[in-house]
Every structure is written in structure tokens, then in C-alpha cells.
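Each of the two complexes below includes chain A, the first together with chain B, the second together with chain C.
Then we have the complex of A and B:
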């Protein structure tokens, strides 16, 4: 059993009520099971539907908030479980996994933004929310605030590692505006990975948490 | 909260000087510095155990030297 980091309120958009969300470190077998049996079938069915009669493009996947559908959570979790550089987190509500995240830290994980260049950061490697919580994928997404809770967990890890809350990540195109406009991260442009790289300074992290 | 455990580390004066200097340079406490060092050590050890080789490269000459870690 992993560590329960805290219990937080999460708004159910369908009922307007608040429910309790549990934030866990690390991702456990039950979370993998939920991904395999509850998330993946929805991703797979929607991808198959989109493929019918047309070319499946990255833009089409972004339009339906599905650009991460190919992420290999099931393979990565056991590979990374014992590695100190990796940390993993899961959010549960109503006894179902609602969000998953991997972060990485180590001497090679450094900031790029000018005001904090070369300082240590926590890198958010993968962050995903359950398909039924996604706009553009379902008509009425259920829980609000899971991505925000996971990002706050990454900031909290950065603080506890004495990195001041600094974090960095590569964003899928479908999430760029969320990281930039909602989370207030600095957009450092597209890099060698062909993805847009964002960073949060310690001041931005404080503003995000407050 | 993630459970933390405490250990006592016995170091020579020289080792303690090095750890204090590195912690100062990196802006970290000694605990945070050791955590970073442990991540690096585990990462390199895992790669070597998997049969991979770890190299360091001179920035100008591009000369590579294999990093040897005593197991």
C-alpha cells in the first residue's frame, strides 16, 4: 500500500456536489487495474471510432483530447517502481482512479528558464486524467480539479526536495493552453522533442498553490 | 505524508567538508544532497547492471571516457 498524501475536495460537475479525492503516492496495482479495465477501453473505442473512414491525425486526437491514449502506463509502472528518480501519484474518488502522474528528479533534471537556469526541478513526465473527466471526449465531464491536484502534488514534491516548487514539463498540444493560461507556467517553446516545454518558477508555484 | 526514516552517517572530516561544500554550492541541505546523489548512484548502477556503458564526454574535444563504478 502506498502513502496517502491527503484527502481533498473534488467537484462532481454532474451533481454539483463535492466528493472526497484521495491523493496517493505511489501508483499501485489497483490503479493499473483501473487504467486497464476502465480507462483504456474508452480510449481504444474512441480511437477506433475516429479511425473509421478517415486518417487518424494528431489534430484529430487533440480535438477529442486523446493525444495521450497511447501512453504505456501498464509497462512503465513496473519499470519505474524501484527507481528513486521516479515518483508516481494517483488520485482516487468514489474508489476509482481519476488521475495518474509520473515525476522525475535527479542531478540531471535542471531548469532552463533564465531566472532559474540550472537549478534543480521536478519534471512532470506523464500526467493524465480519466477519460470520463475530459472535455471534448465526453459530453459532460465528471470531476473537476484532478489535473490541478496532481500538478500541486508535483510542486509539493519539489518543495519537499528543496527545489522551491520549481517544476518543468513537455506538454501535448491538447494541454498547452491549460499549462500556459490556467496554470501560469512559462512557455519556453518547442524543443528537440518536438513538444512545447513549460516551466514553473518558485514564484509561479507559490501563486499556483495560493 | 510519505514516511521518512532517520539514519546516522559517520563521515571523515574530509568527507564532511565535501558534503557541506557541495550542499552549499547546490543550495540544498545535506539530506537533500544525499538524496540527489543516491538517485544518481542508483541510476548509473542500474544501467551498468543491465550491461550498458556510461561515458563522460569532453565538451571541446568530444573525447569520451568510460565511467567505471566499483560494485
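Then we have the complex of A and C:
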């Protein structure tokens, strides 16, 4: 059983009210269950909608392997639980998983930014928000604050590991402005993952949490 | 591990944050290819580039307003637009501003309307240099109530760029 790291207020955009969210230090089976039974059907529905609108064809689906490969990813979760280099976090509100994060730290996880090159960092391997909270999937996403809360957890982990709050992550295209302009991270360009890599220095981490 | 933030910190920040997606990590890309999250090229709506442009438009409006030391209500009155429209422009890059509001803002700030239409996402652009300039400008912004000298300079440079270079 993971630890409860705290209870934080999320904003429900639909009502304008605050909703209590629990931040857990580990992804548990119930979060994986939500992922499979509550998140996945929404993505499947979106795929169907795009297919109906002829924006997505069976050929494109096959080309992008949009089939059942998500199970392979889910199988990784128990493996990671047993490895010290991995940490995981989950945000729950209204008894449903609203966000998930995996982080990694270890001898090979080092900073790239010039002022902190080669120093240890915490790398965010996954920061995912439930589909009903995402702009690309629903017209009026529900909860606001999950991404900021999870990023603060990654920084807190980095500080507790004595890495000074230094973190690194690859942003999805639609989130680049968030990490660069709002979170104040340094943009180090697109790397071999074909994603844009951002890093937060200890000074930037202090500014973020102050 | 101890969390370094308080509930009140999150409460304050959430009010100021723009409404944008925050997904990250190579595993997200893996999940995209696994069908949990759709690859960007298969989702034509809400293009990330348009969101970046609208965010820069919001920053520009906010800074031009702050430069003149106007409140949102004051700007709304001068431009004869709804204050709520202005709040959305300044805070929500997913909100595509209405052309009439953009037009009114161009008039009140004496800015070229065509450039503002392009920046606000009202007209489609495939101009990469324009997008890059917009991103760079938005990145220099801050939320302090008064413009710093650096922000003032960045704002003046960007206004000059919009007036002279964008047709």
C-alpha cells in the first residue's frame, strides 16, 4: 500500500468548486483498474468518432498500432514496483484516478543543461492526466491542477533524494508552452525521442514551488 | 518523502495557471502508439501551434494593457467589448477569440488588425518564423503587475515586429 502524501484542492471547472484530491506515493492496482476500465473506453470512443468522421482509417490504425498494445504497458507496472530506481504517484478525486506519474532516478539519469550537466536528476517518464481532464479529448475538461500537483511531487522527490529539485522531462507537443512558459523550465530542444526535452534547475525548482 | 507545497499554494497557482494540457514523458508517446492516447497527427482539432499563438496573443494583450496601466474593465470599456472575453483571452489559450473582439483590440491598441487576427488564431497561418517569434515573446512574459524593463523592451520589439514585418 502506498503512502498518502497529502490532500490538495483541485478546481472543478464545471462547477467552479474545489474538490479534495489525494496524492499517493505509488500506483496501486486500483489505479491500474481505473486506467483500463475508465480511461481506455474514452480513448476508444474517440477513435470510433474519428473513424466515423473518416479522419481515422483502419489502415492508419494499423500503421500506428492502435490496437491492444496498452496491455503491454500495464504489465510493466508490477515490474517497476520492484525496482528502486522507479517511483510512481497517483492523484485520486471523487474516488477515481485523475492522474498518474512515473519517475526514474539512478546513476545513468543525469542533467544535460549546461549549468548542471551530469548532476543527478529525477526524470519524469510519464505524466498523464485522465481523459476527462484533457483538452484534446473533451470540450470542457473537469479538474484543473493535477499536472501542477504531480510536477511539485517530482520536485519534492528530487529534493528528498538530495538532487536540489532538479528534474527533466520530455513534453508532448501540446504541453510545451506549459513547461517552458509557465513552469519556467529550460527548453533543450528535440532529442532522439523526437520529443522536446525540458530541464528544471535547482533555482527554477525553488521558483516553481515558492 | 515530504511534499514541499501546501494546499494553499496549489489553490493560488491553479487560479493563475492557463488552461493547457500538461502531459509528458516518453511513456506518453508509447501510450500514444499503443492507442491509449492518440498521436497528435491523428487529432486535427485544437492544434498545438494554434494554442501557442493564442497564448502569445493573450500575453500581448495583457502586456499592452499593463503598459497603459488599465484594468480589464477599463480596457473592456475603451474597446467596447465584454470584460469576460478579455479575461478568457488573457488566461485561456484554448479559447479562440472572436474576430470582433480582435478587431476592437487592434483599434484601441493601434495595432495592425491582420497581424492580430493571425496571432489570435482567427486566420490560419503556416508561417513558422511567425510562430517562433510568438513563442519567444510569450516565453519572456511574467505575471508581475508592473512591466519590468526587460519585459518593456521585449514588448516594444514584438510590437515593432508585428507592425513592420507581418502583413
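Just a few scattered comments:
The criterion applied here is as follows: the second predicted complex is superposed on the first by the 186 of 210 C-alpha atoms of A that agree within 3 Å, B and C clash if a C-alpha of one lies under 4 Å from a C-alpha of the other, contacts with A are read in each partner's own complex, and residues count from 1 in each chain.
As a convention for this text, a contact is a pair of C-beta atoms (placed from the backbone, for glycine too) under 8 Å apart; a residue touches a chain by one contact, two chains touch by 3 or more.
Predicted, not measured: the structure shown is a model, and the values here were computed from it.
After superposition on chain A, the partners chain B and chain C are accommodated together without colliding. By the touch criterion defined above, A:83 lies against chain B but remains apart from chain C after alignment on the C-alpha atoms of chain A.
The superposed model places chain B and chain C at 130 degrees from each other around the C-alpha centre of chain A, with the value given to the nearest 10. Judged by the touch definition given at the top, the superposed model places A:162 against chain B, while chain C stays out of reach. In the superposition on chain A, contact of A:116 is made with neither chain B nor chain C.
When the shared chain is aligned, chain C comes close enough to touch A:43, but chain B does not.
Judged by the touch definition given at the top, the superposed model places A:173 against chain C, while chain B stays out of reach. Of the two partner chains placed by the overlay, chain B and chain C both lie in contact with A:25. Set against each other, chain B and chain C touch different numbers of residues in chain A, with C touching more.
In the superposed model, A:106 lies in contact with chain B only, and not with chain C. Judged by the touch definition given at the top, the superposed model places A:126 against chain C, while chain B stays out of reach.
Smallest inter-chain Cα distance, chain B versus chain C, after superposition on the shared chain: 5 Å.
Comparing which residues of chain A touch chain B with which touch chain C, the overlap comprises 3, 5, 25. Per the touch definition, chain B reaches chain A in the complex via residues 1-3, 26-29, 32, 35-40, 42-43, 46. Interface residues of chain C, counted against chain A in their complex, comprise 1-5, 7, 9-11, 13-15, 17-31, 33-40, 42-46, 48, 51-52, 55, 93-94, 135, 138-139, 141. Interface of chain A with chain C (complex): residues 3, 5-11, 13, 18, 23, 25, 39-40, 43-44, 46-47, 50, 55-56, 60, 64-70, 72-73, 102, 124-129, 134-136, 141, 144-153, 155-157, 159-160, 169-182, 193-195, 209. The touching residues of chain A, when paired with chain B in their complex, are 3, 5, 25, 83-85, 105-108, 119-120, 161-162.
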